[in-house]
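I have a structure I would like to understand better, so I am pasting it below and will then ask my questions one at a time.
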Amino acid sequence: MTVAPILKLQGVTKDFTVTSSAFGKVLSSLRAVNDVTLEVMPGETLGIVGESGCGKTTLGRLILRLTQATEGRIEFQGRDITRLPPGQMRDLRREIQIVFQDPYSSLNPRMKVRDIIAEPLENFGAGRREIQARVDEVMDIVKLPIAYADRYPHAFSGGQRQRIGIARALALKPKLIVCDEAVSALDVSVQAQILNLLSDIQRQTNVTLVFISHNLGVIRFLSHRVAVMYLGRIVELAPEAALFDAPQHPYTRALISAIPEPDVSRRGQRQVLEGDIPSPIDPPPGCPFHLRCPKAQEQCRNAAPKLQGIAPRHSVACHFPG
Amino acid sequence: MAGESASGPERPQSEFIIRFRRNRNAMIGSIIVALVVAAALLAPWIVPYDVEKVNMLTVWEPPGEDFWFGADALGRDVFSRVIVGARVSLLVAVSVLAITLTVGTILGMCAAYFGGWVDTVIMRTVDIIFAFPELIFAILIAAMLGPGKLTVIIALSIVWWPGIARLTRSLVLSLKSELFVEAAIASGTPVHRIMRRHFLPNIIAPLIVRASIGVGFIIMAEATLSFLGIGVQEPEPTWGGMIRDGLSQLRTDPHLALYASLALGITMVGFNLLGDGLRDILDPRVRDR
Amino acid sequence: MTARGQTNLLTVEGVSVSFDGLHGPVQVLDDINFTIGSGEIVGIVGESGSGKSVTSLAVMGLLGAQGKIDSGRIVLDGADLTALTHKEMRGVRGRDVAMIFQEPSTSLNPVLPVGFQIAEVLTEHFDTSAAEARKKAIALMDRVGIPAAGSRADDYPHQLSGGMKQRIMIAMALACRSKLLIADEPTTALDVTIQAQILSLISDLRNDYGMAVLLITHDMGVIAEMADRVIVMYAGQVVEQSPADSLFQHPLHPYTRLLLRSIPSARSKQAVLPMIEGTTPPPTDLPGGCRFHPRCPIAADLCRDGTPSLQTVGSNHAARCKRLDEDYSLLDAGLGVAL
């Protein structure tokens, strides 16, 4: 049996340019996302992990069409959405939703919770009764008491605000939800509540999640498959177990090793990578990671490795994987 | 049940009231403004004399029991004219505010939201008007249109909307990067609804501050135009006109210019105090969050 | 390695702090007690609203106009800091005690070269000539791992990455030869690979110079990696205090236990994360009795009634919980976690 992917990215690239306002001259440009190809299956959670400047947030915005790809092709449910005209965008908005990182800036402080959750429904012409019923329904899903519906966001804690954000994303019963650092601003005890909630929601509704985070623990908990990004490229893509237990790219390995775990017995055993993350404005030639890679060879300085399959469903962009 | 209590800080209204009460400027300003507004609204019932009726027997009558503030060159009661003058000043101010706030916020929001050529056209127009000193530009327009109440309103609106537009634009530009605006776009919210629901309620506080400080300027400008004789015309009483009429008689009968100036001064101080107070209360940079 | 914990460099004794709220003073710290020995790394861990940052600000005398130490003493090297004037306190800050924050950019002057800012510390606190100070500044930058320090000294803060700016802040602390470094979430804004670099730098400095560190963080992983002793704070109180080994191997307080379990691990896949219901109460709305009892799965009537005190178990492990003498296996079953 073959299932068609719900989302397909083919060589997607995004350049940002800084132009001088007077003459429109390009002052500098950076490639935020570089030749990304991947597929997401219906009902799965794809985790996208990487450090700052790796392009993970831009990738999320590209999928949502909040920004336009420079090159490449994005397909959603078999339909090319890369250059949809605004008229047809609205249909897409119904199917793909987003949950943001900052639970403070992502809710309009002047709107009641009920109106915040109802807004997407209103945009697609739902009737008053239908809206009311659906708002009650999603508030129940995210475990927010209905009695809170007429309050303003400032009355809520970070965790509750994130529940409101999730409820808003669920309102239209989307097929795909992009979560951009959705738990990063929360305290650990609240983070666990939201992670369990997202995991429950997915199990119950079978919604597809693209979960973007810098936190590997969070990524491992939620994801079925994981893409590791570095300087705009995917350097490793594998099912969660394979990626965390047998990482093939030296960067993935260093990243996993660098996480401080609450375990005193592992003290001082971390691999500390040298150097800073290069700026995407001025990326190194060859493999983007070679400047910090403990295994870098001559070949790595000259040619950027392609993302290649090394095992079923496991691919890595490295000349010397393993 | 999420298990989290929705406790959090007090409701914004009650917090606003507490801060307002503790702010001396805002309290004094609002009392003065309330008195001026009350005088203007209740003028027909509280004025002892007909403001337009000429009485040659009481010309330049000094202040006394019959005429609290004295009488003017045509024997009209100065107290009554000062009270009714408040009505004219406030009417002009309210009209100018209504026009400039509407035009300024709409154009400012459009400039910020759409950017590109829309922004360029609107903001260059704003720059051109800003290039002239406000009052001189207003005098120029009023002189071209000919005197009258409508003229004053039009002239002051033309010089005053660019400030509102520029303020709105900068406020909306910073709001545009807020995630809730992006969330609204991502869930297919149409532009007019984004402006009405996401921009307007979030920029209203600084606009109110700007407006309440601006009232002082508008009233002053109206008085100036009337003083110069290109504003509101006789026999309707205006503070500016009364000051002009009293000026020639300043040595012998100062009461006319004096009471009109006092009324103008106190009103301006009231609105400025209120505006300063509101800014302290509402501006997040002054307020600790 | 230097002999650690021999003498108390810093003693915080019964410190309570309150802030002016809209409706009168609000107590945010309640009877905080701890010590730091010279060369020791003490970690304060807690979630937002726990009071961990206020604790560090109190030590630095940086509570501001709204905050006030109601009772208690803070003794640094024999001197009571709470008795000092603002001017005297300024002399202590930056010389005896240095501080680094989550956002190094806010502590650096954006219009001065970073090398100059380090040199300025030297000329201000010591009798150093400008040329000598610059030379020393470059040496310090080199020491904290800034490559090509000689040329980077003329860079402005915005030209440096977050990690590099944090290194500059650490170099400034070294310049003063501070005995105590207060690090408030020093790596929270940094990427994980850069965080590892900064943590290992702080560790090295402690070992090489015997600098004591008060490390404030929300990250149990950072604490486990760095701290000799740990203070766990919740809602303005210390709820558990112990050597790091003991804390991570046998956490006593239900809050600590649950918090440790609720961190998603990259080393194993969990089906469900143990979690703590609810959120930390705001200081204006603290529950009576044990402050954790509304969120505690094993709370009993006695937890609602009286305030628990910090009880010492064994030689140096203390926890603020009334159910400590209960059978631990029962406790764990109640928490729904196996430890």
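Chains: A, B and C, in written order; residue numbering restarts at 1 for each.
Simple rule for what comes next: contacts are C-beta pairs under 8 Å (C-beta built on N, C-alpha and C of every residue); 3 or more make two chains touch, one makes a residue touch a chain.
Since this is a predicted model, take the numbers as computed values, not measurements.
Comparing chain pairs A-C and A-B, the larger number of C-beta contacts belongs to A-C.
Relative to chain A, the chain whose mean Cα position lies farthest away is B. Each chain gets a centre from the mean of its Cα atoms; for chain B and chain C, those two points are 52 Å apart. Inter-chain spacing, taken between the CA centroids of chain A and chain C, is 31 Å. Once the centre of each chain is set as its mean CA position, chain A and chain B turn out to be 49 Å apart. Shared contact sites, meaning residues of chain C that touch two or more other chains, fall at 277, 279. Of all residues in chain B, those touching 2 or more other chains are 4, 7-8, listed in ascending order.
In chain A, the positions touching at least two other chains are 157, 159-160, 190, 193.
By the touch rule above, chain B contacts chain A in their complex via residues 1-2, 4, 6-9, 11-12, 178-180, 182-190, 193, 197-198, 201-202. Interface residues of chain A, counted against chain C in their complex, comprise 51-52, 157-160, 187-193, 195-196, 199, 214-221, 240-241, 244, 254-256, 258-264, 266-268, 270-274, 276-277, 292.
Residues 64, 66, 89-90, 93-94, 96-98, 100-102, 105-111, 119-120, 123-124, 142-145, 148, 151-152, 154-157, 159-160, 163, 165, 168, 172, 190, 193 of chain A are the ones that touch chain B when the two sit in their complex. Contact residues on chain C toward chain A in their complex (touch as defined above): 47-48, 161, 163-164, 191-197, 199-200, 218-225, 244-245, 248-249, 258-260, 262-267, 269-270, 272-277, 279-280.
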